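What follows is a group of structures, each given as structure tokens.
Here come two complexes built around chain A, the first alongside chain B, the second alongside chain C.
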Partner chain A sequence: MRPLQPPLTFTQNLESYRSLLVRCLKGSFSYKSTTINNLLTTLVAYAITIMIWHQVYQQNPNHVIPSTQMYVYLLLAGAVNYAMSLGMEFRIGQRIRTGLIATDLLKPIDFQMAQAIQSISDGLFNGALSFVVFSLGFFLFGTQMLPSSPSAFLLFLVSFVLGFTVIYGIGFVFVQGAFYTYSGYGIFAARNALQFTFSGFSAPLDYYPPLLRTITDYLPFRHTIYTPVAIYMGWVTGPAAYLLLLQQLGWTVGLFLVGKFLMGRALKQLEVQGG
Partner chain B sequence: MKTLKLYWLAFSTALQAKFEYRVDFFLGVLTSCMLQLSALVSLWVIFTQTPNLNGWSKEEIILLFGMVAGALGLSELFFNHIWMVPFYIVMGELDRLLTYPVNSLYFLLITRPELHSFGNLVTGLVLSYWALYHLNAPLLYYFLLPLFLFSGCLLYTAGLVLFASLSFRFIAPTSMHLMIPHNLLNATRYPVTIYPAAVQWILLILVPFGSFHYLPASWLFGKEPGLGLALAVLAASLVFFWESGWFWRWGLKQYESTGS
Partner chain C sequence: MENALHVENLAKSYKRSMRHPGLLGAFKGLFSSKTQEFQAVKGISFSINRGERVGLIGENGAGKSTTLKMLTGIIAPTSGKLEVLGLLPWKQRRELALNIGVVFGQRPQLLWDIPVRETFRLLKAMYRIPSDVYEVTYKEAVRRLDLEPLLGTPVRLLSLGQRMRCDLAASLLHAPAIAFLDEPTIGLDLTVKEQVREYIRDMQDKFGVTLLITTHDLKDITEVCDRLLLLDKGTLLFDGSLKAFEKKFANESRIVADLERPATASALRKLSAEMKKHGGIVTGGEGHKLIVSYRKEGSAPVLTQILLKRQKVADLTLEKTDIETIVTRIYRKKPGKN
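Right, the complex of A and B next:
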């Protein structure tokens, strides 16, 4: 059977992804009030966690991690988490429920890559807001906010990018469930609960009870927040830091392949809604 | 009476429609329980570092956690549609609702129940009653608990209505700003006294999410106000919910629909 149109060349593919990224970014930045709302929401969420830990440190200042380091950790963990907030589950869930997924699948670009581009757009937009919030920390904690060394900062950047690819991989694997449930909420909430618990968002993993710490070691979630932030803080350096980067890379590749496999299975049983 | 019947019919029809997505229902319930548990894990981690939080024990804070989850679950079950308002404004989809011979706010609120709310509701009730049992609470508190949860549900929904009404002025296809009241509600899972005075004022007076469980719990644990103040919260929540209607009407005056 003759295909609807010949497959795109590599250059055409790149151009398509570039156009998609620009369009998604324009969409994100087009509503200025949203930007302010997002900023406020982020500030409230970060402030609450920090205030709770402030109380803990007020009652007992003698902890493994000094209070100023703890506040910087929480602020950076919050900023990284926000930069990695992808709307993928809701976006795909909504399109499956309304049947619009059919038009996405008919497009001549790879669905998984197109979702990755949209996620990069989410990441750039959220990352810009996170940077603003994180920068505000300089007014409170001064030079404590700086990375432990220039090399730690460079490693942090690499780890952050890898952490982003890990969270995208996790999200894409989870979102395959939406092809069976026809909704994105449950999928989002499940991923979010695991992310919140095992990523080190609300506290450094060093404070986790042994059982929880062991579970965390076997899951990819710690590589989305704890790993980049611990590298930034200088808690992990040298070969240990490189090993963590390798683990992040391993999870990225593994999750990408699992996502591709699961999508192939999900599409075989998909019933397009609507009409 | 006729209006109430109409509301009930609208609610039950919407509920039936939601039950069509059975797998999503079970997954939603399971995952909302997971979300509550993940918050409890944070509490567990905190209590590995301190024996109490400003004089509040782990069990006492679990009671606050449970009551917040219960109030959240009730709001999601009965009034969850408010989260869609920002999208409806962008798409001009409020037009049809405004032609109905009903109160637009109340009708909107009840016509999109979320089934994952059962997860929050059940987790909330289990945690609350577990905490009451372990704290040897008087029997009266067991009976008053549903009333306090209802009060919390009204307060939280009123807060959501207030923020959703801002969507008429600041148009955007996102309900992210509704996460502000949601985050404020979550902040009250911990005793409000651990926060600075200004935050306490916000959580107890301005957007009084902290009142429906903190005040009754304080009374129960003999920390501060008496039963009278705890019960006054019930009346205050009704007033706050009613007042949120003002913001809704203010917002509606600015609604312009769309040209397409």
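Right, the complex of A and C next:
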């Protein structure tokens, strides 16, 4: 008889996380055609967006932001958004609906952490692919795609990582809804719509009407795209940039805690489906 | 004996939302949430010691899976006491998870998109399985369940039976203190079922794994378990050894005879009367076949003699009722099945 195993220590857990990350990454490579499909659709979508804005600039050249800056912004926002696209709602929603969630809950690893690992895997995989989007910009606009300064680039890297932890936090909070609705589709659509509207994905926030702009200030979404891209482009520098990083960190911690709390409540009422 | 798990008046009711019929009804359902309570498990009590091998049976919907879900900690009970390895499952699910192995019939824990081998490696890290244990459990699983040709295949390409074997192996890789196996042989062909039973028995021998198995194939029970729990619509109908179960319910044996010529009606009447005096009941009498059933042990010689004297018998067999027959009879007796 094996003796009973005591709870795992922190370092033992790290080993599980590392091992899980490797498997998640390997899993990412098993849907080549979906991946290529996504990437091509995305590229076409950005090309069209830029053509639309090009039209706008031709009719009225006196915008707040010069045209090339606008295009560069959009492509950077697109690349960042691509890197941050998580399939969490679909994945978890489906597992709840089919009852497969039971096998996740029966692992000796924390569910929230396991989802974080899966998201990091998604981020690394999609992040690598987002270079393709970035390269499109480089091909079109050359050195104008480069960061405004080396320090801006360093700050961007930090802000990008924090943006990622924010989007993960948002996703995990939204996912809790799936424990009640037993489906992830509606939840994904809702999160995606908010993300689309309030992150600065479709246009720099400076373009937003005042009311909308104020709303974005109170939501975490802008920290996923607008904040890192604005830092990259040198629109925000020095103390103002540091303040943004701090806000990102605050949202990350806050969302993580809210997610943890909601998860605890959701699990209490969960009725794992199927016999 | 060390206690593995203990359950007292354990009950679970589900809330079912009442659905209005039709499309309009489905739309209404979005706004009104009338729910109805349904008692799936109605206050059951039992204890299992470390190293015991227990089979949990019952008809579809009897509450077997619900019981296992509560014991493993993935759902909270509505009321009652519950302790597994000294832990409160739904509150200490993760601590418990390290020490149990679970198979949920059609719900594999294997990672879907990558080869089986990868899941095994992940589990080794996750459960921190020492190399000497892993050596044994891994090799044993591969050998007993013929996994070698499957290890490199992505799970989604495996057939049901192949996946079930891999899943069972995955759940026992860490030689857990308790294995909860919910229909581990569902959908398997006979030879594979046999392999699976041998493997489970073997793991039990080697590591003293406490077994709680639900199944619809009673051979799983008779060949692997020595104790039986019978659930019926959420209540525990029987708890005891297989022997005790047979004693309690299998009080009927039969003599089945193949007659050379069908018996005439009058001969049959006379035979029935004489059999009755010695505790035998003639049941089947159509054509060449004749069945005499009796309850008192040791009646076979007398009843057989009477039969041989009265009829020309071509062939004769004695049947003791096996567990399968008993269980079928218990299920069939009850009115209002769902």
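The working rule: the second predicted complex is superposed on the first by the 264 of 275 C-alpha atoms of A that agree within 3 Å, B and C clash if a C-alpha of one lies under 4 Å from a C-alpha of the other, contacts with A are read in each partner's own complex, and residues count from 1 in each chain.
In the analysis below, a residue touches a chain if its C-beta (ideal position, glycine included) is under 8 Å from a C-beta of that chain, and two chains touch if they have at least 3 such contacts.
The shown structure was predicted, so the numbers you read here are calculated from the model rather than taken from an experiment.
Engineer: In the overlay, answer first, second, both or neither for which of chain B and chain C A:A203 touches.
Structural biologist: first
Engineer: Could you look at A:V56 and tell me whether it touches chain B, chain C, both or neither (first, second, both, neither)?
Structural biologist: Touch status of A:V56: first partner only.
Engineer: Between chain B (first) and chain C (second), which does A:Y180 come into contact with in this model arrangement: first, second, both, or neither?
Structural biologist: After superposing on A, A:Y180 lies in contact with chain B but is clear of chain C.
Engineer: In the superposed arrangement, does A:N192 touch chain B (first), chain C (second), both or neither?
Structural biologist: A:N192 sits against chain B, while chain C stays out of touch.
Engineer: Using the superposition on chain A as set up above, list the residues of chain A that contact both chain B and chain C.
Structural biologist: Dual-contact residues (chain A): 31.
Engineer: With touch defined as at the start, can you tell me which chain A residues reach chain C in the complex?
Structural biologist: Contact set of chain A toward chain C: 1-2, 4-5, 7-8, 12, 15-16, 18-20, 23, 26-27, 30-31, 98-100, 102-103, 105-110, 268, 270-272, 274-275.
Engineer: Give every residue of chain A touching chain B within the complex, in rising order.
Structural biologist: So the residues of chain A touching chain B come out as 31, 33-34, 36-38, 40-41, 44-45, 48, 51-53, 55-56, 59-60, 63, 177, 180-183, 185-187, 189-190, 192-194, 196-197, 202-203, 207-209, 212.
Engineer: Touching residues of chain B toward chain A in the complex: what are they?
Structural biologist: Contact set of chain B toward chain A: 21, 23-24, 27-28, 30-32, 34-35, 37-39, 41-42, 44-46, 48-50, 52-54, 114, 116, 170-174, 176-177, 179-180, 183-184, 186-187, 190, 194-196, 199.
Engineer: Going by the contact rule set out above, which residues of chain C touch chain A in the complex?
Structural biologist: 14-15, 50-51, 60-61, 64-65, 69, 72-76, 85, 93-95, 97-100, 102, 104-109, 111-114, 118-119, 121-122, 125-128, 133, 154, 175-177, 207-208
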